[in-house]
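Submitted below is the structure of interest, expressed as structure tokens.
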Amino acid sequence: MSPELTNHPLIRADGSATHTTSLFTILAAVNGPIEVQRRDELPEEAAIEVNIRPCAGIGGPRERWLESVLAALLKSVLLVHAHPRTLMQVTLQVLKEPSSGVRVRRRLGDVAVLPALVNAAFAACVDAGLPLGRTVVAGLAVVREDGDGVVVDPDEKALAGCRSVHAMGFDAQGELLLNESGGQFELRQWQDVFEVLKTTAAVAIAPTGEDEAMMNGDGTPAPWLRQALEGNAREAGAWRGVG
Amino acid sequence: MPREQEPSTNEHDFVLSALQENLRLDSRPFQQFRPISLAFGDEYGVADVRIGKTRVLAKVSCEVTAPYTDRKFDGIFTISTELSPMGSPAFEVGRQDQTELLLSRLLEKAIRRSGALDTESLCIIAGAKCFHLRADLHVLDHDGNLVDASCLALIAALLHFRRPDVEVRGEEVTVFSIREREPVRLTIQHLPFCVTFSYYNTSSTTSAEPGIFLQDATLLEEQCRDGEIVISMNRFGEVCQIAKYGGTPVDGLSLLTCTNAALETAKRFDKLVKEKLAEDEKVKDRGGLMAELSAENERPMEPPPG
Amino acid sequence: MANGANQSPGLSLSRDTFAKLTPGPFLHAHLKQAQPTRPNGRLPHEFRTPTVNTGSLTHSNGSAVVRAGDTAVVCGVRAELLRASDIPHPPSEDIHPDDLVEELGLLVPNVELSTGCSPSHLPGNPPGTLAQSLSYRVWSTLLNSRILDVSTLAIRHTELQPEDEEVPDAEPRVVVKGYWVLYIDILCICLDGNASDTVWLAVMAAFRDTVLPRAWWDADQERILCSSRLAEAKSLKLNCLPVASTFAVFSTASPLKDRAEAESWVLADPDGAEEGVCEEAMTVVIAATGDGATATLLSLEKSGGSVIGEAGVAEPIEYSAP
């Protein structure tokens, strides 16, 4: 199932987006640049605050860890020097996560939510019009229990029975911006996962060309992120009357 | 930590003078609500309520735990209403501002204290095991009237939720997962709904001419109001709570008028929730186990020839 | 050491002033020499050698004090009993034994940074994001490594079979009556960069030092009893001994400059000053299986920039493997 992106579902937030994958649905809201507390103020750059709200319950150490990972990533993606002494506030709400139909080990499920969070946060930043220095696309892959075989975008069952889980974020040039891997794996397996996810990310933001679409047919995955963002840009500029 | 942006003097005066002429900015009658939509999630216990642009999500979950020592025969039911910057930039994480405080207090009184949920039904073994039912409220968009939307979402989520089935044999307890046995509905005694009235004192307010009372105020109308009254009642006309925290004085007769108006709204909410639940049941229910076990082929019913 | 400031007459900064005023250019000046050295005298790939002292806390089942450079961490392990009958929701029968440790919550780490260990961590505050994040990472890596089998922590009891005529030779049933829950408290006494590696090392050292008393189920008193004799206590059986290594990346890249002009260096085991100027960091945890096979990685975390790519990941792993 190809990931979906909905644009601007919320009114109050400066920018918002909903991201749906086969495992999770995340709603992201971005406010910024806004006023910052004196103690968090940075003289030369914008401060970044990430809040993650789980579906049920209030956040704990797990959410704080996810927030720190996401904040470090966003710092490398946003142009923080464009708005010094301000705050970029990102709030993420998990609307749907794998229900307890099949039992997923919690710690592996925690890494699995990361790509969805990253993609949702990025789309919301674009919607808010924050100055961005790079594009980031994140993908999720697991290595099966038997050690062979990489499954990209796994479903609940694959996630429950995997040996290690990997979340990676790439930018448009294919450089690795984020990597979270957990479980038991070897360097060779990690490198296999790296190659696969790099290709998946490149596909997601590949420039759309009509020839390619006709040649590839229905089998290959579509550049979903580029299509979603280009669609939003077209809608936003529709008032100009230019095609 | 920005505060909610105050409306300008022009906006404020415009709203008030329009109300004097019996007009609201979106030309609704005073007692009419904005379009309400209620949607349920795929899993049990998730309710998404939209009243106009205000959007609230309620999620109910449960786990087995030990009951409080001073209440051995009751389960535990908690409501959590942590507001996040998503609903409005004025909400801050970790700091409980007035909106959040009032919201949690009102929901506490309306739903928990009124006994809407029978906590004794959550008990498994007295003093040893019980269900801890947790209701989480997420405010996704704040455009006024959070209390009504939150209460509606919570009640809908509680009605929608199914808890795992339990079997007790002496000291042994078996909690069946959703796959093993059909989960069970909660025991809800009655359905309380909150209705908020915003009132505005005009220059000609006397006991003969009461002030202006609005239902379902938008954020702008809320910021211009002189006070509010929150009434919780169910469709039988039983009042669960009435809250009037400060604000300019209101005469007693107006309070009675409001209560009567609230009854109408409560009945409408009740009908809406039951309708949507029935729709959702039809979508989810594929006849249950009996339909799966049936050996009959599905044939379209055709009239006999001739 | 060259002080790097412009040599205008009458204006020269001492080394310490330079380091405090502009830590970024100070580090850069060190690294861009022909033989890059860091201000603390280490080479870019050199780790600080830690000193470990175990058994210093008498009231805990295991303890360790680890000091690496100026970062010092104390870890204490305390074992408490959890009766099987007190578990509110016993896990289902079909759960894998490896997952039981997670399901029952038998390992509870907690990292405390609000001890005044550094000016940014004042005592008395509730755990901030960094402390909670570290606690989570310790918990997650402990479970990923499967370092403890649930059988090490379970207290078993063989039930005496009543005289049963139908099945006279039945096997006596072995029932788990309770578990040991390990509360792992980690306090940072002094923080000078790289808390995560030192914290992990302290936990490992404390685990090696931990002994659990002999415990059994007394059928007459209907409770679990423990022996206080040290000779009967046994140490924890650890399946592996993972090692954590952290690397920071110092880079002169900036969105205002050309990407190709940027220079970057990977620094192993960053200290406090280096951590402050480095945006990108990577942590890798390797489980040493001991038989010389290809190292098993347990966790690989990297964020904050794009300097470390695929090749960049492999290199530091080679360094940290031994």
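Brief remarks follow.
Each chain carries a letter (A, B and C) given by its place in the written order, and its residues are counted from 1.
The definition used in the following text is that a residue touches a chain if its C-beta (ideal position, glycine included) is under 8 Å from a C-beta of that chain, and two chains touch if they have at least 3 such contacts.
The UniProt protein names, listed by chain, are A = Exoribonuclease phosphorolytic domain-containing protein; B = Exosome complex component RRP45; C = Ribosomal RNA-processing protein 43.
The shown structure was predicted, so the numbers you read here are calculated from the model rather than taken from an experiment.
Of all chains displayed, A has the C-alpha centre closest to the centre of the whole protein C-alpha set. C-beta contact counts were set side by side for B-C and A-C; A-C has more. Comparing the CA-atom centres of all chains against that of chain B, the greatest distance is found for C.
Averaged C-alpha coordinates put the centre of chain A at 32 Å from the centre of chain B.
In terms of their C-alpha centroids, the spacing between chain B and chain C amounts to 45 Å. One inter-chain figure worth recording: chain A and chain C are separated by 27 Å, centre to centre, where each centre is the mean of the chain's CA atoms.
Shared contact sites, meaning residues of chain B that touch two or more other chains, fall at 177. Interface of chain A with chain C (complex): residues 60-62, 64-65, 67-69, 72-73, 75-76, 79, 81, 103, 105-107, 110, 133-134, 171, 175-188, 190-191, 194. For chain B in complex with chain C, the residues that touch the partner chain are 63-66, 129, 175, 177.
Chain B contributes residues 1-2, 41-43, 46, 53, 55, 57, 59, 61, 80, 82, 84-89, 93, 134, 136, 138, 140-143, 177-179 to its touches with chain A in the complex. Those residues of chain C lying in contact with chain A across their complex are 95, 99, 102, 129-130, 132-133, 135-137, 139-140, 143-146, 254-256, 279-282, 287, 294-306, 308-310, 313-314, 317.
Interface of chain C with chain B (complex): residues 86, 88-89, 92.
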